[in-house]
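Some structures to go through are shown next.
Common to both upcoming complexes is subunit A, partnered first by subunit B, then by subunit C.
What follows is the complex of A and B.
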């Protein structure tokens, strides 16, 4: 299971497309054996990151290493792609094939192909071999693309939106497949998702990327225990509150009520706020969604 | 199944929810001292949570003395795990202490004086050979 070795490591990664800077100094460490949730708004740089990691796109500046190999060198990027399975956001599949044909076709490229998993997932994902790929629904395409990735015997799965188009029951089956894959095969999963509750459910590490930089990263439990929400109610109109303790503090004031999302856990903030003498004082835990929204909000 | 699917969106870390579920199962007698807990991998698949998260919950529970991790054999409820009886006993004792402190404060005894009195009383009981452990 998890060790301290990083499977993916990037330092100061920059990627410029013409006049767009997709990555602006991205630092990432993905521990071996982890399920790593990669979050960000659309256009934040998630897909670019995956493409750079796989050597499908060259960084303008900075380093990306996967399994200790540099993604930018063509020889080592072949080695990286041999040991990785990638599922793109578009769930690229050959539309002129049937399900059975693409499974057989893909199988022929990978000596470590897992026939046992193939049978298991064909059944579990309810995929019919005779169906034409062209006519598949979005959810079924996702399931097929995931089957092809899971059966390759890859050490690292890079997944762009692995549950897109799936209904909640099917999404849960997919999450279970990922958990099983990590626990039985010892693989590492690096996945992007907009479903924050899914990420919260199975990920042990997360990074939030915004405008090409990782603005929040770490073990999910650590992040969650670092943030807190503080709720103050005053007898009369709430006073103007400025928090001096270090960290980010989003203060919302409405009538007699003040809500603060604080990134610095500890007594300093609480002591400071008690000084305003509120009538009631509550501290409650936050969700990943709270942290995400706070981190990527546009400054006004 | 003794453990239920945790709620990922409650804001409470999943390992803490699992720890609470195990403690609760022991308090209610659903899990008894010496009994084995589910192993990490099947439980991760069953609950659809990260296996590292379950490992963390088990490590923390071991640290608290609630369970024992035996190399290669799995996790077992500790013989010393606090049971429902212990929990009830402590809860009742806390009520007694709270009401005693309340009465003393009403008589104008300060908190510092109460603390000294309690400590002196405990020390005195030990000296006179009362049935107080070390």
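What follows is the complex of A and C.
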């Protein structure tokens, strides 16, 4: 269950790589105990955010704190990593080790290593200790990387595309294992994914990042109830619509049709739009996919 | 466990280096049998004007003179040439790689997610590399006193150890150079090639700039000729190696992954 205390907090976080600005003032708060889905297009800044949080990259400016420790300082980032587990998008591990060797290697850094979970996941994921990592398929590497993350006794799991490379059945098993783990251990999960259905399935909080900024963030249930799509159809070409009421995110005009995404449940937007006298007027609930697509879609 | 990881990463380079250098040192011992028969009959044709003018004649005469006994032959063939040249190459090879080259393989993020500092990562790799370097500096010279009696010759163990120490100090400098270059380039090839180019440049330049004579330190020339260890050379090598490793640590600390 999520609490009000934030495990991750970023404020005005900027990260510039040469001439590319990966983050442009990212503000983010991840509540303790939440399963937080981090959504965005390729290159939106998801992986960079995770790297900055773990001290792998240093912010150009702004602050990033995990468990109240600044990730930009070398010693405090070690403390962050002691309490975190990270699974990268590539899931690349040491090719020159066997499964048993990398499990023993990782175990040596974590005094709270869960031997019982290690045995459980080795069996569940069908991982053989004697297998060379070099010979593992991408899916099996993903399972091994998840095992190494889940057994650390970590308070925070940072997972970059945790189910990439897995077939749908295995992805489902992995998500279930993750949810079970979180409910049993009480840890926080901050994960990125392109699979919106996955995020809807397990996340209780989401943030959508676009061009290095969080453009939507909050509890998933709140977002679903807060957002609505308003669909206007005109008899002739749609007029240019400018909504003054707050909470209007996106206005798209295509021929006779205008679609508006609104995050305001109040009547102000609806009343204002009725003033344009459309032939039909329809308000419908939205899914996370709708919110995501409307938020990150570039203007036509 | 970081030491174990560093060992697993470099073990084949280390084992190859140890085997090749040991076989070379052993081979030099048995080469003496053939050379011993040839040397008295060798009438060096060093009296050409070109050879005299270039100083080549003196060098050839000296080479022949030095190699007339077993100790001189071993110093000239093993310590001055084979173990020095190949020792530099293997020192550079052991120094290449590390965290930055891991990033090209994709495993750097896993390493960086561990609760250790980058200095600890570099320290474990450097410590492992220097221990391996010490072994490949000391074991091949020690093969010489072990094998020498089999051809009726003697070579002092203390002499072998002294030459091993000379190889180690200068090789550690090239190891540190490769380690430093490996924090600048993400692949293994550029650090390797640049470090080899620098080693070759020094080898050529030392003929005109004697202060660059680190290969004389590495071959233990002063120990061979006078019995004195090259302490100034050791100190210089140690200072340069420390400066390079410090630079490597600072560069790695600032780098984004």
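As a convention for this text, the second predicted complex is superposed on the first by the 248 of 300 C-alpha atoms of A that agree within 3 Å, B and C clash if a C-alpha of one lies under 4 Å from a C-alpha of the other, contacts with A are read in each partner's own complex, and residues count from 1 in each chain.
Operating definition for what follows: contacts are C-beta pairs under 8 Å (C-beta built on N, C-alpha and C of every residue); 3 or more make two chains touch, one makes a residue touch a chain.
Source: prediction; values computed, not measured.
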Original post:
Clash or fit: subunit B and subunit C on subunit A?
Top reply: fit
**OP:** Return first, second, both or neither, reflecting whether A:264 touches subunit B, subunit C, both chains, or no partner chain.
**Re:** neither
**OP:** Using the superposition on chain A described above, determine whether A:226 touches subunit B (first), subunit C (second), both, or neither.
**Re:** neither
Original post:
Can A:108 be said to touch subunit B (first), subunit C (second), both, or neither?
Top reply: second
**OP:** Using the touch definition from the top, say if A:17 reaches subunit B (first), subunit C (second), both or neither.
**Re:** second
**OP:** Examine A:86 and indicate which partner it touches, taking first as subunit B and second as subunit C; both and neither are also allowed.
**Re:** second
Original post:
So, A:51: does it touch subunit B (first), subunit C (second), both, or neither?
Top reply: second
**OP:** Would you check which partner chain A:287 touches, where first means subunit B only, second means subunit C only, and both and neither mean what they say?
**Re:** first
Subject >> Nearest-approach distance, in Å, of subunit C Cα atoms to those of subunit B in the combined model >> reply: 26
**OP:** Quick one: which bits of subunit A touch subunit C in the complex? Just the residue numbers, please.
**Re:** 17, 51, 54-58, 74-75, 78-79, 81-82, 84-86, 88, 90, 92-97, 101, 104-106, 108-110, 145
Original post:
Contact residues on subunit C for subunit A in the complex?
Top reply: 1, 4-5, 8-9, 105-107, 109-110, 112-118, 253, 256-257
Original post:
Can you name the residues of subunit B that touch subunit A in the complex?
Top reply: 8-15, 40-41, 44-45, 48-53, 55-56
Original post:
Within the complex, which stretch of subunit A touches subunit B?
Top reply: 1-2, 33-35, 172, 175-176, 179-180, 182-184, 197-198, 200-204, 220-221, 224-225, 284-287, 289-290
